[in-house]
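Chains here go by letter, A, B, C, D and E, matching the order in which they are written, and residues are numbered from 1 within each.
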């Protein structure tokens, strides 16, 4: 029963991070702050949800796969955000696709 | 619980339509592609809701990933020069609206006539499944019941890659190399991702016989991994000698041709798998298809981007 | 001898892989030619088997509805034979006209002709033999993508532009066809053509499915008014490719429309559908012929002629609907003989016209009619081929075209609408634009114009094709059907 | 409004939306996006037919839709390659610099593969006549 | 328990819906790609929740593919940005 309680808590926290991340992206003024919001939602939100689900997992294989998914998602997420920030910093004032 | 199912279905459906509308009607081409990529992601969720994990696997890699990458590549080269797309005249838009609406109404009328409880061929497949070499319904349909479809499908992939390679041969254009030399971070990421992709597509291939997965999903994922490698400067496909590349590209069709040729000579049907050893045949065929699909995918995406020396200096 | 049906599918696919992988250009050409020759054997065997003892069935693996079955009746066996004959002679022409540059790329464009042609013939054979609707969809994709590949071989701006328009149009067409197939599967849980024919009754579902599938087929077969992509595609491609496209690929669309209308929707067909198609065909014939007459380039003239002749072939549909009907399982869909006869004679004649046009262009260096002066004297054989093919298209005795026109006369006498008048009108218009082309060839050569010598190997194939087209008239086609 | 009807209707809507955009003849890239949306709608409709029965979905539409996804990918990739090739030839033809990729050489109008002069009337290729 | 998981998945789906606003409004292409990345991760989370709720292991494989492909799409996008600068500096 305790495990269920913990999972509920972790998953709810994770979802809240996602929601706040999305709100951040909608409301923040420039790209960098949005990137900040994205990495938070990305890393922590998913991490908490994976943690919550891992508690429910019955077999070790499931936990292993959950961990793998989280690592890959977090890794590619943060790299992508780094590249975005890098690209934003260097980009001159004229965005190439201003409609 | 039941109410929740309906809410989930409807919200995925609404999201799909909204994404499609946004993707089709935003003026800026890059926004349209961004929405199309999101459309592919939600499409994979729709397959999940329809209990079609095989399709979710394929759609996740093809819909959002590969088609999105292809469109981004093409848009970067074409749209950047021509600027805003030419907006069609209002008369044309009106007629197209009317025609599409007419087709839509006709299809809804037809949909109402579809029997809501029919089971299609589910029963027939379930009965015949034990006689086939594999336990997973979709793989048995693809490689046993309707193997001819898959044979032609590998031929269609070969045709697409021939067209791209013919165009590539015409364009002796030195295109700026694909790899991102400037960022060690990316090559670091790719270095870590490559083994994961390789192991995971092997798992998908092996799982195909008894669980969702199979040749095409594994092939497409392997292809995506190949593209990541090309991006990080590790040239796999583009450094292959021409003859080897052609062999690997046609491996799927060649595998089918070899199999059906021997079956015909043995007096069996064109693709009538023998009782004994059918499982090894199917697995061998799946490996051949996965490899050729992977290389086809990489050639399709990277094919029109390779750094091509003019003919004289070719190594 | 139903195993020959399987060899018809297996042979081109295996040969396509072999010629794609082969290293040297010469090896690819040899493999392509050899396969085209060997393909004649199963095609003849199947045609003979069907003529002797009726339609042949073949189980690829599992029986329908789970598996896919192949079936050859007279209509499909005759068109498979046409594909093999025209394919062989066009391959002979191509091996003489295409160069073999040293291999520099993964796929050298001229060498791609061979694997693309073999995949095209595999797609066409599958289209003619398969009875499974989804399998027909994939076969259609094979035919379309190989045709697009063939069109884009020269890599010039005109050919790649034409190939792109061709791809976009036919992509929409195949999705419309697929949606129709989905509707039918939803209704009856099977994809087998003849099984659906027994189950389908009129109603919103059947009409919507039929409408979508027909639209899809019309785009793919370039039936008027959805033919906009054909003149550029057939007009700019290599002569050998235009011969394959106009001679063979368009017949696939015609065949599929006849098969779907008469075998999948027999109980859904209404005479008004036939009338609508007939009227569209009528407008198409006139419109395309006028364009052909005013066309300045030889290959585009012949491309518009294809659209016009397609309209003529379509006239067999309203006649067949008005005709006796019935005859399920008959050796050929009753009432379709005129269309088949015209399809066969047009296939041979149009391929001959394009190949001889290729010889003219090779000599004059450009396909503009104004530049073709003096070609008649320099290339007697090619001109003879052009004339014989024109003879067939005009339906003068004893050619295959005459045979087709006679069959149209008999059939039209029954129906309420005098379609044979339209056929005569169409033939007159054909005479107009073919006359324009011939007159250009007989112009005296301009003083400074130096015509290039044309090797015999470029003139023999069109001559053989034209001879076959004329010889077709001697074959008693009408008695072919029991 | 069970799963079958919801997604079947979505399939019809997506097909019609895609068809509307295709008929409005936008640029090549938008047309390919519209065709992909049409394809997804068609396959969604096909697979929703597999989900009409209580005990488990019918695997046949799933396999056919998988084939459909791969065929649509092949056709889209070919279309995009043709579009890029055409764009380069146009840019090359007009001598302009190609944005996003340097055009430095390459044959002007593509190689004519006919022995001797090809129909676009360019000068002799210097190939020996047979 | 599984009801809770499905509800959470629904909430995540709602965040994707909300994110659309940024995609349409985002001034630069970077903002749009940023949202594509977020949708990818949200999709991964939703799939994992559904995998547990309906006890369907293959959904975890789909989640893994999502994660890998999200990186691919964004990397290609960033590659073009590099080319854009590269070709401009190189000319």
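In this text, contacts are C-beta pairs under 8 Å (C-beta built on N, C-alpha and C of every residue); 3 or more make two chains touch, one makes a residue touch a chain.
In this text, all values refer to a predicted model and were calculated from it rather than measured experimentally.
Chains that count as touching both subunit D and subunit E, per the definition above, are B.
Farthest chain from subunit C (centres taken as the mean of C-alpha atoms): A.
Taking the mean of each chain's C-alpha atoms, the chain whose centre lies closest to the overall C-alpha mean is D.
If you average the CA atoms of subunit B and of subunit C, the two centres end up 31 Å from each other.
Measuring from the averaged C-alpha position of subunit C to that of subunit E gives a distance of 47 Å. Averaged C-alpha coordinates give centres for subunit C and subunit D that are 24 Å from one another. Those residues of subunit A in touch with two or more other chains are numbered 68, 72, 75-76, 79, 83, 86, 96-97. Residues of subunit B found to touch two or more other chains are 29-31, 73, 76, 79-80, 103, 107, 114-115, 118-121, 125, 145-146, 149, 153, 156, 159-160, 163, 167-168, 170, 176, 183, 186, 189, 193, 196.
Annotation for subunit C: residues 66, 109, 134, 138, 141, 145, 148-149, 152-153, 155, 160, 179, 185-186 touch two or more other chains. If you check the complex, the residues on subunit A that touch subunit B are 68, 72, 75-76, 79, 82-83, 86, 96-97, 99.
Within the complex, the subunit B residues that touch subunit C are 103, 106-107, 109-110, 112-115, 118-121, 124-125, 128, 144-149, 151-153, 155-156, 158-160, 162-163, 165-170, 242-243, 245-247, 249-250, 253-254, 256-257, 260-261, 264, 269-273, 299, 311, 314. Listed in rising order, the residues of subunit D touching subunit C in the complex are 15, 19, 22, 28, 31-32, 35, 38-39, 42, 45-46, 49, 60-61, 64, 67-68, 71, 74-75, 78-79, 82-83, 85-86, 89-90, 93, 109-121, 127, 129-130.
Contact residues of subunit B toward subunit E in the complex are 1, 4, 7-8, 11-12, 15, 18-19, 22, 26, 30-31, 34-35, 37-38, 41-42, 44-45, 48, 53, 56-57, 60-61, 64-65, 68-69, 72-73, 76, 80, 176, 178, 180, 182-183, 186, 189, 193, 196-197, 200, 203-204, 207, 211-213, 221, 224-225, 227-228, 231. In the complex of the two chains, the subunit D residues touching subunit B come out as 1-10, 12-30, 32-34, 36-37, 40, 43-44, 47-53, 55-67, 69-71, 73-78, 80-85, 87-88, 91, 96, 98-107, 110-111.
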